[in-house]
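Below: one structure in structure tokens.
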Amino acid sequence: MKKPRLHRERNYGTIYALPIALWFTVFFLVPLLVIIVFSFLKADVDGGVMPLVSLDAYRNLLRPRIFRIFFNTIWVSVVSTLITILMALPCAYFMAKSKAKTFLLILVIIPFWTNFIIRVFAWKTILESNGVINSLLIGFGAIANPLPLEHNWIAVIIINVYTYLTYAILPLFSTIEKFDFTLLEAARDLGASKIQSIVRVLLPNVKAGIVTAIFFTFIPLLGSFVVQQLIGTKDMYMLGNEINDNIYKYFDWPTAYAIAVVLMLLANVGLLFVMKNDRKQAKAASARRVDDVDDGPRAPRQAISVAGGR
Amino acid sequence: MKGATIGILGISKAFGSFAALNDVSLDIRKGEFFSLLGPSGCGKTTLLRIIAGFEQPDEGSVTIDGINVLPLPPNRRHANTVFQNYALFPHLSVFENVAFPLRLKNTKNSIVTAKVNDYLHLVELGDHAAKMPSMLSGGQKQRVAIARALINEPSVLLLDEPLSALDAKLRHHMLMELDAIHDKIGITFIYVTHDQSEALSVSDRIAVMYQGDVLQVGTPHDIYESPATNFVAQFIGETNMFEGTVRASMGQMYVLDVDELGRVVVTDDRIYEVGERVSLTVRPEKLRISPDEPRVNGRSDINVFEGTVDEPIYSGFQSKYYVRLSPTVVFRVFKQHSDYTDEEHDILWKERVHVSWSAKDGYIVEGHRN
Amino acid sequence: MQKKRFSFSKTSFIASMVFLFVPLVVLIVFSFNANKAPVLTGFSLVWYQRLFTSSRSLWNAFFTSITIAVTASITATVIGTLAAIGVHWHKFALKTYVQAITYIPLVLPEIIIGMSLLAFFSGSHFTLGGVSVNVGFRLNLGWLTIFIAHATFCLPFVYLMVLARLDEFDSSIIEAAHDLGATEGQTLLKVIIPISMPGIISGFLTSLTLSLEDFTITYFVSGVSSTLPMAVYGQMYKGGVSPVINALSAIMILGTIVLALLARNFLKYIAANG
């Protein structure tokens, strides 16, 4: 039989998606490819490159100083992320169970509406040798000389946690909010203690939110440089500072690009590690819910719906 | 006369390697309440979506009043759809949902108001015009969807399992109302359902579909009383089904040798050869159940078998019995409760009973396709 | 009456809120300080006076930030919404590409987005036989480059938020519109955009927030142009931040709280009707 003549279906999908495809190709993919390709070229003066394939940039990274920086980056990011998540979990739980969710959500977001650098400045005011805390302590006669609160690891980690706490709370909130709290009652009914019911029932069920919270905290932390520069010391420099210095101080851009490539790999190793565990869990749970077994984008996508419609 | 005739000729449609429809042809008459009935995956919804214009067939043609509609997009076919999940626009009030098609055509406000109110009254929602869809019950949403689909005055209304989201009682009520609306406006209704009782109670004709094929087209009576295949017999209502061989024929009366049962007499107006393998079906409500042997009075067209009541199930207006004749043969029997039954006592579990039916209540089903 | 039991989650939440708000309170308190140093000496409105009389460049930087936030958010919202609509309801060749490419920025440290755009906009060049060859756009770093960078990192968020909203609808709502006589354009304007509104609004507000909050990416693409964060960074780097910044920040914080409460009522209204 002959193919019937049908009404023409124009593919509007392409029309709708063309702007984003063009925008991301030009302003995201191409720049990313530029730095990846240029990291394998020889550095020229004032930030340029010579059309010579070279591993100089990567060779520059094989120095004890860079190893230390690399190590700093990992441990500061991991510790800051852990503390952030541990603080964010009970907050998100409380918010999800509260009757005033919208209000609490706004409360958490408000500090976010003040630029990051201004909040770093506020912390500086608090921690400085003649800052708020020291003034108060001296004023009360608790100490005679100001404590060295600034320029140490603790200060850097406090500000890191401060910066990413909201980033961690939002995805956790949106997943815990969808959690069926009667499951906790069921667990209690079956003999679990409150802590057991949270660890064994709540946490496994809000895993997607935890993974997203880790993404949102750990990945940007890997590339941070401002806090170390303004509140820390040179000993605390991380890969982000090294990129900054190679761009603006040494004008060795290929080396900055090479560090960026290392950072991308680092971010993705962390990511794969988290997602692999997540995927395993998801597979085990696939009998229950088919839509859990999905590729990566699901978790952030779910969690980004946070403020959606609220 | 309102309504349209719909001609479906040789429609085939595959999704990947899955054949949803195999060379389906149907003729739907002007103003008919026509049901597409079948289990999920039988192709009924795909066929409806092809008529509406949401899917394109691989082969075949669809005509509405003789005009080929396949080259037309959904918005230019005189057919409107009532969706399974209602598909109401959540940002528009009930009134504006129904007014939507008119607004698209920039209809004058006074006409819109008058017409929308007419249709809201038709579905008995006159008082709810200002509400948002989220404030309505399932049944009310359904009515809005119907009013909205009707306001363009289509010549065909396509209904895709419109009652499946409602509870049983409401479903029955809505069904009666749909029937009333159909009678009032007189256009052609094509109704997709997997529920045989819905289809039987309101349809003028039914097409029973299975695995992409139309197995039988007929009135509810035809389909129930003379199912064309085993599948139709089993899908429409409950039935007792046996395999057997034709042993003798006397005009329209046949004597069958039914496996594990023995001699059974049945009438059928079709011709069967002696020795042919056939299926025999008897509806449970056609069976009589009695503790004593029924008085046959020498009549040879009554079939009687003796068995034990396995499980009596009381369900208000009727009782169901599973009567076991042998380890592998069980009869399903329905018995209506009425004051006129001449039974002296209730039939109990484990009681020995007689099951009987007359030759005209059995039915030979052709073919062993399923 | 039962004695109120200790609630760990409530205590944690309150402690975290104190942690989040203390720096903001400090900013506001010091905006009223008579002294420049971070030691409270007395109440004064001198910084507010200076803010409104002799801080033209700071105001310019502030308005640049606001302008960029608004324009970048609008751009991201329009492009991201269209993309979500396309991806949710249609199948097309670019679909996988769009899904992948909008996901990657979320899993890259922001510094990489900043520096790659810097490399791109400064027209990374190499010398070939004595001739300088440029790769990328040679754009003067400034307003335009910040706008592009902000729209880029906001886009995935708008896209995902609108998509999350559209997940609540299957194709029947679009089919219903077409069935009732709407063209694609009418369906977009009268059905798709209105039903996506909650997602569009939260995407837009998220974009505004991210843009106002961002420092890292702005730092790399701003060049000599001054935005508020760059002005503050410059002063901090040199060692002395003028309390005028405190005054401006205090005004901004109170302003955002008022806006947030307004937005809350607005979003409640949307939620009730969406």
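We just call them A, B and C in the order they show up, numbering each chain from 1.
Criterion: contacts are C-beta pairs under 8 Å (C-beta built on N, C-alpha and C of every residue); 3 or more make two chains touch, one makes a residue touch a chain.
Keep in mind that this is a model prediction, so the values were computed, not measured.
Engineer: Tell me which has more C-beta contacts between its two chains, A-C or B-C.
Structural biologist: A-C
Engineer: Give the label of the chain whose average Cα location is farthest from that of subunit C.
Structural biologist: It is B whose centre lies farthest from that of subunit C.
Engineer: Averaged over CA atoms, how far is the centre of subunit B from the centre of subunit C? Could you give it in whole Å?
Structural biologist: Here subunit B and subunit C have centroids separated by 57 Å.
Engineer: Can you check how far apart subunit A and subunit C are, centre to centre, with Cα atoms defining each centre and the answer in Å?
Structural biologist: Result: the chain centres lie 16 Å from each other.
Engineer: What are the residue numbers in subunit B that touch two or more other chains?
Structural biologist: Subunit B, residues with two or more chain partners: 53, 73.
Engineer: Check each residue of subunit C and list the ones that touch at least two other chains.
Structural biologist: Subunit C, residues with two or more chain partners: 274.
Engineer: Could you pull out which subunit A residues touch subunit C in their complex?
Structural biologist: 10-21, 23-25, 27-32, 34-35, 38, 41, 44, 47-51, 87-88, 90-91, 93-95, 97, 102-104, 106-126, 128, 130-132, 135, 162, 165-166, 169, 215, 219-226, 230, 240, 243, 247, 253, 256-257, 260, 263-264, 267-268, 271, 296-297, 300-302, 304-310
Engineer: In the complex, go through subunit A and note every residue touching subunit B.
Structural biologist: 1, 3-7, 9
Engineer: What part of subunit C is in contact with subunit B in the complex they form?
Structural biologist: Subunit C residues touching subunit B: 170, 172-173, 175-183, 186, 190-191, 194-195, 197, 273-274.
Engineer: Give the list of subunit C residues in touch with subunit A in this complex.
Structural biologist: 7-10, 12-13, 16-17, 19-24, 26-27, 30, 37-40, 65, 78-80, 82-83, 85-87, 89-95, 97-99, 101-113, 115-120, 122, 124-128, 132-133, 135-136, 148-149, 151-152, 155, 157, 159-161, 163-165, 184, 198-199, 202, 205-206, 209, 212-216, 219-220, 228-229, 232-233, 236-237, 241, 245, 249, 252-253, 256-257, 260-261, 263-264, 267-268, 270-271, 274
Engineer: Going by the contact rule at the top, pick out the subunit B residues touching subunit C in the complex.
Structural biologist: Within the complex, subunit B contacts subunit C at residues 52-54, 73-75, 80-81, 83-85, 87, 89-92, 100-101, 103-105, 132, 134, 148-149, 152.
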